[in-house]
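My questions will all concern the structure given below.
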Amino acid sequence: MGVDIKQYIAKRCAQELTSGVVNLGIGIPTLVADYLPKGKVTLHSENGILGVGPEPDPNEFVVDPETIDLVNASGVQPITALPHASYFDSSLSFTIMRGGHLDATVIGALQVSETGDLASWAVPGKAVLGVGGAMDLVIGAKRVIAALSHLSPKGEPKILPECNYPLTAKNRVDTIVTEYAVFKFREGRMYLVEMVDELTLEQLKEMTPAHYEVAEDFKVVKREVEGEAVLV
Amino acid sequence: MGVDIKQYIAKRCAQELTSGVVNLGIGIPTLVADYLPKGKVTLHSENGILGVGPEPDPNEFVVDPETIDLVNASGVQPITALPHASYFDSSLSFTIMRGGHLDATVIGALQVSETGDLASWAVPGKAVLGVGGAMDLVIGAKRVIAALSHLSPKGEPKILPECNYPLTAKNRVDTIVTEYAVFKFREGRMYLVEMVDELTLEQLKEMTPAHYEVAEDFKVVKREVEGEAVLV
Amino acid sequence: MMNGTIDQIQTGVEFLNADKAIQRIPEGASIMVGGFGFPGMPRHLSKALVRRTELDQLTLIMNSLGSVSTLNALFEQNRIKKVIGSFFSTNKELVVAYQEGKVEIDLLPQGTFTEAIRLGGAGIPAFFTPTAAGTVLAEGKETRIINGREHVLEQSLTADVAIIRAHKADKAGNLVYKKTAQNFNPAMATAAKLTIVEVDEIVEVGELDPDSIGTPFIFVDIVVKREEV
Amino acid sequence: MMNGTIDQIQTGVEFLNADKAIQRIPEGASIMVGGFGFPGMPRHLSKALVRRTELDQLTLIMNSLGSVSTLNALFEQNRIKKVIGSFFSTNKELVVAYQEGKVEIDLLPQGTFTEAIRLGGAGIPAFFTPTAAGTVLAEGKETRIINGREHVLEQSLTADVAIIRAHKADKAGNLVYKKTAQNFNPAMATAAKLTIVEVDEIVEVGELDPDSIGTPFIFVDIVVKREEV
């Protein structure tokens, strides 16, 4: 999957976000920041900041592990803070997350099920040695937007009747955004709301074993990033 | 009971406190502050300060309910802060208390039992409309010093085999200080460690239905406050 | 990555006067009220709450009510259904209303009260505390021996509305507290659907030290400046 | 009431160098280590811990271990019995030690980890959280439906020792934190029997704004200035 497809998914995710406070996961979600409306969406990072600003100029900023005190949730990537930023400890940071105060999170996904289950942190058969803040994010955010490529690198579907990878949380996904389509969960049912014009509904269904219905407000869109067509 | 007896109890309680952080309850415990070694014992107040200083000069300080921002746990009495003071919210204040971080509390008592149960907040048959922070103080402080007059105004004993008033906490009293005696709990048993020279052991026993033993380090003391004899 | 200048920043926090802010409270609401005695008590919001006389069947969640309180009128006017807190012994109006069976009181130890609010705001609905074990305040509650000690299972608290007080707000809605006027206010801000804050002063975005902010704007809905009543 | 000048104030907090501070850690201790990536990580105390080679059978309680960590030597030297935290996937030494069965790992969601420490320090030993319900991380744990939602009962965390980092300490032992270097440090300070803090700077009593103090001295035992290693 080329960079352009990631950018398309990120841009499409950003369309879901018009105001409020959002936490962006790692991977594709990180790219979403570039497409957000300036000043209207504030970014939270679980290591203890509300009001994440752009990265400092790498030519001017040298990371000294001894003195650096402002990074994102990677723990090592320097960031800046916006004028309305605040800092807090992990307890308050997860009060924001688990307590239901985030308007949305965009999170990378390995699999999503037709009931809104999310698998994003572990692969079957491998030792489970890291989960980070993903479970708290997904359990708490008012909206969970899963950002993922429609198929695995081996061509296997990721949007399934049931996840067979370890779950991050059950029934929490609100929106699925891939390079081909957008699905929304409404009253516990999964609906296709948007598809790119390069596919037919039958072709999409073939790549998407989950049960879903076509929404009343379904539409077909052109896949563009910054006015340019996307190469698949 | 005259002021002098309260002062004697307060002074005797202060002898128990040579360092660390202490929370003083209302009533007799408040008087303990005057007898503490300067700078060695820091006072905590549950409304959110560590490092309580003296009251401001009432001739110079006028309480404006609209703007006052530094009071003790009464909620209305202005105080000052010592140079090493810090302020915090109620969550952290009760983390200090419940979490076992206070070196001691001195708390007024209605009754104490021979197993170290404390009754300090309610009277049987009356509506129970206020408990405040007493239960958290007593459950959490490393040492609980109960300060009380030996008998009720009606001459009834307060140090009993079992409390018949509603409990504040079970098995938490470490030391009992009255105008006549000091008792300590050691490995779950109650010991008389000190008595004023105005009584015999038999007279004390008559006023003290709780079962206790005379400690090996028991001593008889003169009852004095600031060098003057105390009037009973 | 997203950038923004002070002018562009929109957090959605509203700046209203006390009466307009109190107008947002729904009928029969549960309302957390900040303050420990005088400091941190939202006096002007309380007065506005008393003025909005059609609001009744309210539940108040507040630590204590002193002998003189702006909110006493609510008891005289029979507008309070229930009170949850730790110390109400010295408030004559409330004691009378309770004795006449007009008000229900849920008494909690103060540390349980404050932690229940903090955890309510943090999405944690219940916790085991050693406080009150073996006392009348644990009657009817589930208990469990943990680490050899008896603990009581307590339910966390959330509310429809919090009316709180802070020292300063910036125009994004971030709050700074002062001295012992913090008390229950920061926790209450996190635990209510609608948080209304009374402040001494409103400053420009960027004027508050980001390390000094006690409540980030995400927990704030409406800011009321004290003199604008 | 008690008065006191700056000279008279004695809080019992000690000021030592890193090696002398680490000397206080008992054999087989459980040790909380602050930091989220670089910020707030007590690097000099970590180095001193590695230097004290006779300390083994340790339990580390820390959120994560990055790909390069001062503490890696502890795994190579087989001095760690168990690790409790939320993210260890990228640390090669730990992954190898785990695969060889030399280290036990207790994995917790990060929010559960941080709250378990905060509540451990607050004397609350267990709590119900919705996080991880229905996932492998809830396996073997008690669950309960509360407010119609499944919750997991989690145990709080305390430790023998916390090694943390702050920006400044005053000579009474009060701590001030900066930006995203706070993270787990304030909670860890409350949850250990012995709290050792590494700071950038030590200032006189009275130089810190009392409203800015993130950790009051009551939670601090030993302060180590960074350069005094």
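Just so it is clear, A, B, C and D label the chains in written order, and each chain counts residues from 1 on its own.
Throughout what follows, a contact is a pair of C-beta atoms (placed from the backbone, for glycine too) under 8 Å apart; a residue touches a chain by one contact, two chains touch by 3 or more.
These numbers were taken from a predicted model, which means no experiment stands behind them.
Q: Suppose subunit C is absent; how do the other chains partition by contact?
A: Drop subunit C and the rest stays one piece.
Q: Taking each chain's centre as the mean of its CA atoms, which one is farthest from the centre of subunit B?
A: Max centre-to-centre separation from subunit B belongs to A.
Q: Express in whole angstrom the distance between the two chain centres, defined as the mean CA positions of subunit A and subunit C.
A: So the centre of subunit A lies 34 Å away from the centre of subunit C.
Q: Distance between subunit A and subunit B based on Cα centroids, please, to the nearest Å.
A: That gives a centre separation of 56 Å.
Q: Counting only residues that touch at least 2 other chains, which ones in subunit B make the list?
A: Within subunit B, residues 81, 87-88, 91, 94, 98, 139-140 contact more than one other chain.
Q: Which subunit D residues touch at least two other chains?
A: 115, 118, 122-124, 129-130, 177-179, 210-211
Q: If every chain is a node and every touching pair an edge, decide which shape results: line, ring, star, complete or other.
A: The chain contacts form none of line, ring, star or complete graph.
Q: If two chains touch, include that pair; go through all of them.
A: A-C, A-D, B-C, B-D, C-D
Q: In the complex of these two chains, what residues of subunit B are touching subunit D?
A: Where subunit B meets subunit D, its residues are 19-21, 33-34, 36, 38-44, 50-55, 79, 81-88, 91-92, 94-96, 98-102, 139-140.
Q: Sort out for me which residues of subunit D touch subunit C in the complex.
A: Interface residues on the subunit D side: 115, 119, 122-130, 146-147, 151, 177-179, 210-212.
Q: Going by the contact rule set out above, which residues of subunit C touch subunit A in the complex?
A: Spelled out, the residues of subunit C in touch with subunit A are 1-12, 118, 121-124, 170, 172, 174, 190, 205-206, 210-211, 213, 216-219.
Q: Subunit A touches which residues of subunit D in the complex?
A: 36-41, 43, 63-64, 66, 86-90, 94-95, 98-99, 105, 107-112, 114-115, 118, 129-137, 167, 177-187, 200, 214, 226
Q: Please name which positions on subunit A make contact with subunit D in the complex.
A: Residue list for subunit A touching subunit D: 45-49, 63, 65-71, 73-76, 81, 87-91, 93-94, 97-98, 122, 127-136, 139-140, 166-170.
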